[in-house]
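Common to both upcoming complexes is chain A, partnered first by chain B, then by chain C.
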Partner chain A sequence: MERPCGVILTLAAVFAMILFFGPPDTAAADPTINLGCAISFTGGQSRTGKLYRDSYDMAVEQINKTGGVNVGGKRYQMKIIYYDDKSDPTESSKLVEKLISEDKVNFLLGPYSSGITIPDSIVAQRYRVPMIEGGGASGKIFSRGNKYIFGTLPPAGQYFKSTLDMLETLKPAPKSVAILYSDDKFDVSVAEGTKKLAKGMGLDVVLFEKYSEGATDFTSLLTKIKSKNAQVVLLSGHTEESLNFTQQAKELNVCPKLIAMTVGPSEADFRHSLGKDAEYIYGVASWSTQMNFKGLLFSDTQQFVQQFKAKFDYDPDYHNASGIADVAVYKNAIEKAGSLDPQKVRDAIAATDLNTIYGRVQFSPNGQIKGTSVVLQIQGGEIYQVFPTGTKTPVYPFTCWTDR
Partner chain B sequence: MKTKTIKILVGCGIGLVLAGAFPLVDNNFVIRFGTDILMFAVLASAWNIIGGYTGYASFGNVVFFGIGAYTTAILMEKGGLPFAVAYPAAGLGAALFAVIIGLPVLRLRGHYFAIATLGVAEAMKALVQNLEITEGNAGIYLPMLDLSVRHQYWFFYYMMLATAVLTLLATHLMLKAKFGYSLIAIRENEQAADSAGINTTVAKTAAFAMSGFFTGLAGSVYAYQQAFIQPGPVFSVGMTVKMIVMAVFGGMGRLFGPLFGAVSIEVISEFLSDYFLVAHSLFFGALVILAIVFTPKGVIDMVTRRRFGIAYFLQNIREHRI
Partner chain C sequence: MLLQILINGLLKGGLYALMAIGMSLIWGVMDIINIAHGSFIMLGAFVTYWLFTLLGIDPFLSLFFSVGLLFILGYGIQRYLINYVIRASAFITLILAFGIEIFINNLALVAWTADVRKVEVAYGAANFSIGHWVTIPTVRLVAFGLVILISLLFFFILNRTHLGRSIRATSQDLDGARLVGVDVAHTYALTFGLGIGAAGAAGTLWAILFPISPMMGGILTLRSFVVVIIGGLGSMLGPIIGGLALGLTESFGSNWFGSTYSDLIGFTILVLVLIIRPKGILGGTD
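For the complex of A and B:
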C-alpha cells in the first residue's frame, strides 16, 4: 500500500527549500546595469552559443574599461548574468523568466538559434523588457508584432538586395534574372525575397527554379538558363552545389553576364578547387573580417578583428560581429534614453542609427535589422568586397570560360 | 486499515492545499518552475501507466505530448477555437492516436516494443516538420492569453495542477478496478494473464490510450504557456528519457512514485544548474546512476519504508545482483 504522508511531507520540505533559496540577493552598492542571457553552454547549439558569449563578454569588458555606460550623467558598469539553456527552448524561456523575476535584470540578450529565440522573446514581451538578439534570423521571430524583440541578423529575403542594387550601377545594366535555389527553409526564403525585390526593381525574372538540397546534376537547369537567355544567375544553395554548378556551366559553356552565389565564393576551398574557373564569380555576406566599418566600441572592424584574435585565438565570423553589435546597441540606446526604464530604452533601441564594427545598425519597424549584406567578387584567386564600397571595383560582364 | 485510509486522505488533502497555495509566492519564476514540475509529474505518471503497471517500456511517449501540443496550436491558431475546446481535444487526439498505433505496436514485447515506439515518435516528428498545416520545421505560434503576467502564470499552474490531480486520481481508480489488476497481471506474466481470461490486447491498448490521453493534456497546457512550439523540442527523445528517468527514480509502478521523481529531479537539476554553469549535467548524471544502483525500487520506497541506512542500500544491491 502507498504511504503518501511521507511523500507529501517531503514535497512540502522541497517547496519550503525553493522559497528559502528563492529570493535574490540584495543589489550590490555599485551601480550596475544587468543584462540577462540564457544561452547554450551545453547541448546541440553550444558551439555557436560560445561565439555569442565570447562577443558579449568582450563587448562588456570593453565598455567597462572605457568608462562604462553614462546614464543621465551617472556612470554605470555593465554586467551579464548567464544561464545555460541546454539548447532547449523550454528551459531557455524558463530561464528568461528567472532572469526577469529573480535576478531582476534590466535588459535581455538573446540566445542562439531562431527556435529558441521565439519562446524567449514571448517571455520578454509578457514583461515588456527589451531583448536584443544576434542569433535568430527567421522572419517568424518578427512576424507577430512583438515590440520588445530586436534582431541583428539580416532577413534571409534581403540577402541578394545588395547584389540587385549593384546591377543598376553596371553598364549596360542587365535586365533578365534567373533564380535557382535549394529546397531548405533558408534558401527558399532567400529566393522568394529575391524574386519580390527583383520584380519591384523592374527586372525580368525569366527563371525561378528549386532543386533538392545536395543536388549534383545541374545540366537541365543550365540548359534552361541558356534557352531563356538569362543575363544574371543568382544561386542560393550550399558550397557543394555551387561547385557543381560552376563546373557544369563551364562544360556546357553556359555564359551569363553575371553569376552570384550565397555560399561558396567566400570559402578558400571553393576558390582552390575551381582555380581560374572561379574568377569573377560574385558572392554575398552580411559581414566579413575584410570589412572596414568605424565602430562604437572598437575604433574599426580591423582593430576589433585583431583584438578578438589575440583574446580568443580564432577568427571572428558574423555571429561574433552580430553579438558585439547587440551590446553596442544597448550602450547607445541606454545613453540616448538617459534612463534604465525598459519602455524608454525600448523606444531608443527602435530609433537606433548606429555605426558599429558590424556595420550600420538600423531596425525595421518589426524589429529586425535593415539588411546590410555586401557584394564580394573573386578576382585573381582572392575574394574582395566590391559593393557598395570596396577595395576593388566589380568586373562586369563576366569573361566567358573559353576566353580566359 | 481504517486509520490508514484516513491518514492517506489527510495526507492527500495537505498535499493539495500546499500545492494549491503554492502560487501565492510573489515570484513568477517559482510559479512557472512549479508548473514545469507538475508537467513532468503528469508525463511521468502517464508513462507509469504503460511502463510501470503494464510493463511495456514505451520510448515514444513524447509523441502524445507533441500531438497534444500541435492539436492545441492548430485548433487555436488556425481554427480560432478557445482553449476550453482545444484542451480536451488534445487529450482525445493523443488517445485516439495511441489506439491506432497501439493495436499493431503493442503486439511487440521488450526491446522491440521500445524501438517501435521510438520509431513512431521520430516518424511523427518528420511528418509534422513537413506538413503545411503545422507550418513545418519553423514552428507555429499560439494566441497569447490576454491577462496580466501573474494571472497568466496562475492559469497555467492551476491547469497543470488539475491535470496532475486528474492523472493521479484516474490511476488510483484504475488500480482499484479490475482493469488495474489486468495490467499488473500482464506485466507479471502476459501468457498467464491471457489464459486466465484477460483480453490482453484490449487492456494494453486501453492503458496505452490512457497514458496518451494525459500526456496529450500536458502537451496542450505546455503549448499554450509557451505560445510557440516547434517539432524538434516537442517530439524530442530527450523528453521521453526524462519521463522514464523520473518514473524510475521516484519508483516505477507506484502511484506517487513518478510525482516524487519529477519533483526531486527537477529541483536537483535546477540547483545544480544554478551552481555549476557547465558541469551540472555531469553531477546530475552521477546522481541518477547512484540512485539507480542504491535504490532501484525508487526513492519513494526508501521514504515510505523510512529506511535510509547503509543496510538498506546493501540489501538492495544484493537483491538486484548489481
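For the complex of A and C:
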C-alpha cells in the first residue's frame, strides 16, 4: 500500500503546484468576451460540426486581429470556449448549462442540427442568455416564443421554394413530384413545407414518404418512385443518405427528370465521391461561393472564400458562411448595445440589420433570419448557382445514368 | 414491381448474411457475442478504400487483403486479449468486446476523421435489366454469390479439415479436446480470425456499395445480431436463412408500411422468432 500512497502524493504535489503557480498567464492587455459553444467534435454530426467550428474560429481570429470588440470605448478580445456534445442532444444541453453556470460565458453560439439546437435553446432561454446559431433551421426551434434564440439558416419549410419556382420555368414543366425525407426534425419541417407549397402550385405530389435517419437502403423507395413515375424527386436528408440514394438510383436505373437534395450537392465530398454520377443533381442553399456580398469582418464574399480556402484547404459552403454571420452579428450587437448585459445585447441582436459576407442579416420576430434560398446544380464536377439568377442556366431534363 | 421488391429483398438479404456469418461462427463456437463485429466490417471497408485510393487496387482484388489482414488481426485479438477472459462469464467477454468496439471506432475516427468516403469504381452501380420492370444491380448479385461461396468454404473447413474438427471438438467438449491434444488457445484464435476475416469480406463489399465512415459499425453489428438470432446458431445455413428472412421482410415491409418502419419490422421479426422459436429458425431444440 505504500507505493499507491506515494503516487497519490506526487499527483497531489503536482496539482498543488499548478494551483499555486496558476495556468499560463492569459490575462493579457485586453479583457475578453467569452462565447460558449457546445458542438459536435465526435459522433454523427461531427463532420458538419467542424465546418461551424472552423468558421467561428476564423471569425473570432479576424475580430481580434482587427481591433477586437469596442464596448463603450473599451477594447475587448473575443474568445470561444468549446465542449464536445458527442452529437447527443441531452449531452449538449447539459454542456450549455455548464458553460453558463460554471464557465460564466457571456453569450452562446449554437450547435449543429435542429434536433440538438432545440434543447440547447431552451437552456439559453431559462438562463436568459442569448444564443445565435447557424446550424438549426427547423420551425420547431422558433415556434416556442423563445426570446433568446436567433438563427441564421432560413426557415426549413421554405427551403425548396426556389426549386419549385424554378420548375415553372422549365420546358416542359414537370407535373409530378416525389418528396422523400428523413425523420429528422429539420427534414420533417422541410418536407411538410414543401408539400404545402407544391400543392399550392398545382403540382401532383405522387409520393410523400419518410425514412429513418441514417438509412442505407433506398431500394424500396426507388422502386416506388419508378412505379409512380415521379418526374421530380426532392430529397431532404443528410450527406450519407444523399450519396446512398444517388448510387442506388443508378444501380436500379431509376431516372427521374429532376433530382434535388437539401444536403450533399454543395459539399465537395459529395461531388468527388460520386464523380460523374453527381452530374446535374440540384441542390439548395441559403448561400453559395458564387454570391457577392460586402460585409463586416471580410471585405466581400470572394475575399472571404479565398482567405478561407488558404486557411482550411477546402471550399466553404453555406454552413461556414452562416457560422461567420453568427459571430459578426455578436460583434455588431455588442458594439451597438455598448454593454455586455445579456438583456441589452439580446435587444440589439433582435434589431440587427447587418451586411455580412453571408448576405444581409435581419431577424423575424421569432428569431429566425429573413431570407430565401438559391438553387444550385452540379455541372462538369463543379457546383453552380442556377436560379433565380446564376452563373449557369439549369440543365433539364436529367441525362439518364447510362447515357452519360 | 413485386418481382423487383422480391429481388431487392433477396439481394439485401445476401449482404446481411455475409455480414452475419462471421458473428455466427464466433458465437456458435466460443459463445462470444462479438459486439465489435460491425467495427471489424468497418475496418475491412477502410482497407478496401485505402488500397483503392492510394494504390489503385481493384476493390474485388482487395478482398484478399481485407480478409487476410482482418484474419491476422482477429487471431491476435483472440490470442492475446480475449483468451485471458474466455473462461469468465459471458458478460465479461461481452464487456471486453464492447471495449474493443469503442477503441476501434475512436481510433478510426482520430485516424480518418468522421468524413464520409466512397470507393468510386466504374462498376459500383452496374446493373442489367430483365424486361422493363426488373433491374438487377450486378455488385449485389456478386455479393450474393460470394456469401454462398464463403458459406461453402466455412462448411468445408468445419467438416472436412483437421482445423474444422479441432474447432468442433473444442465447442462440443473442451476437456475432451484438450485430452486428444488440441491446442485450444490456437484453435479459438483461428476461429476468431476466420470470423473476423468474413467480416473483412463483408466490409469490402459494403465499401463498393455504400459510403463508409468510422462510425458505421454500430448499426451493422445490430443487423448481424438480428440475423444470427433469426437464423439460429450452430449451422452454416443459419445466417443465410436469417439474412434472407430479414432482407425480404424489410423490403416488403417498407413497401407496404413505409420506409421508416423497416427497422421496426426487422425487430418485430426478431421478437417473434424469440417467442416462437427461441433457438432461431434453424436452431436445434433442447
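Things to note:
Here, the second predicted complex is superposed on the first by the 214 of 404 C-alpha atoms of A that agree within 3 Å, B and C clash if a C-alpha of one lies under 4 Å from a C-alpha of the other, contacts with A are read in each partner's own complex, and residues count from 1 in each chain.
In the analysis below, a residue touches a chain if its C-beta (ideal position, glycine included) is under 8 Å from a C-beta of that chain, and two chains touch if they have at least 3 such contacts.
Only a predicted model underlies this, so the values are computations on that prediction, with no experimental measurement involved.
By the touch criterion stated above, A:42 is placed in contact with chain B and with chain C alike. Of the two partner chains placed by superposition, only chain C is touched by A:210; chain B is not. Residue contacts after overlaying the shared chain place A:269 against chain C, while chain B stays out of touching range.
Once the two complexes are overlaid on the shared chain, A:70 sits clear of chain B and of chain C alike.
By the touch criterion defined above, A:243 reaches chain C but does not reach chain B. By the touch criterion defined above, A:229 reaches neither chain B nor chain C. The contact surfaces that chain B and chain C form on chain A in the two complexes overlap at residues 42. Remark: chain A residues 1-8, 10-12, 14-15, 17-19, 21-23, 41-42, 82-84, 86, 88-90, 93-94, 97-98, 100-102, 114-115, 118-119, 122, 125-127, 138, 140, 143-144, 185 touch chain B in the complex. Those residues of chain C lying in contact with chain A across their complex are 1, 4-5, 8, 12, 106, 109, 113-118, 120, 124-127, 129, 135, 137, 139-140, 209-211, 213, 215, 219, 250-251, 254-255, 258-260, 262-263.
Across the interface of their complex, chain A is touched by residues 4, 7-8, 10-12, 14-15, 18-19, 22, 25, 27-30, 32-33, 36, 136-139, 141, 144, 149, 152, 222, 226-228, 230, 232-233, 238, 254-256, 259-260, 263-264, 267, 271, 273, 277-278, 280-281, 300, 303-304, 306 of chain B.
Of all residues in chain A, only 42-44, 46-47, 50, 183, 209-212, 214-221, 223-224, 226-227, 239-240, 243-244, 247-248, 250-253, 269, 272-275, 277, 401 touch chain C in the complex they form.
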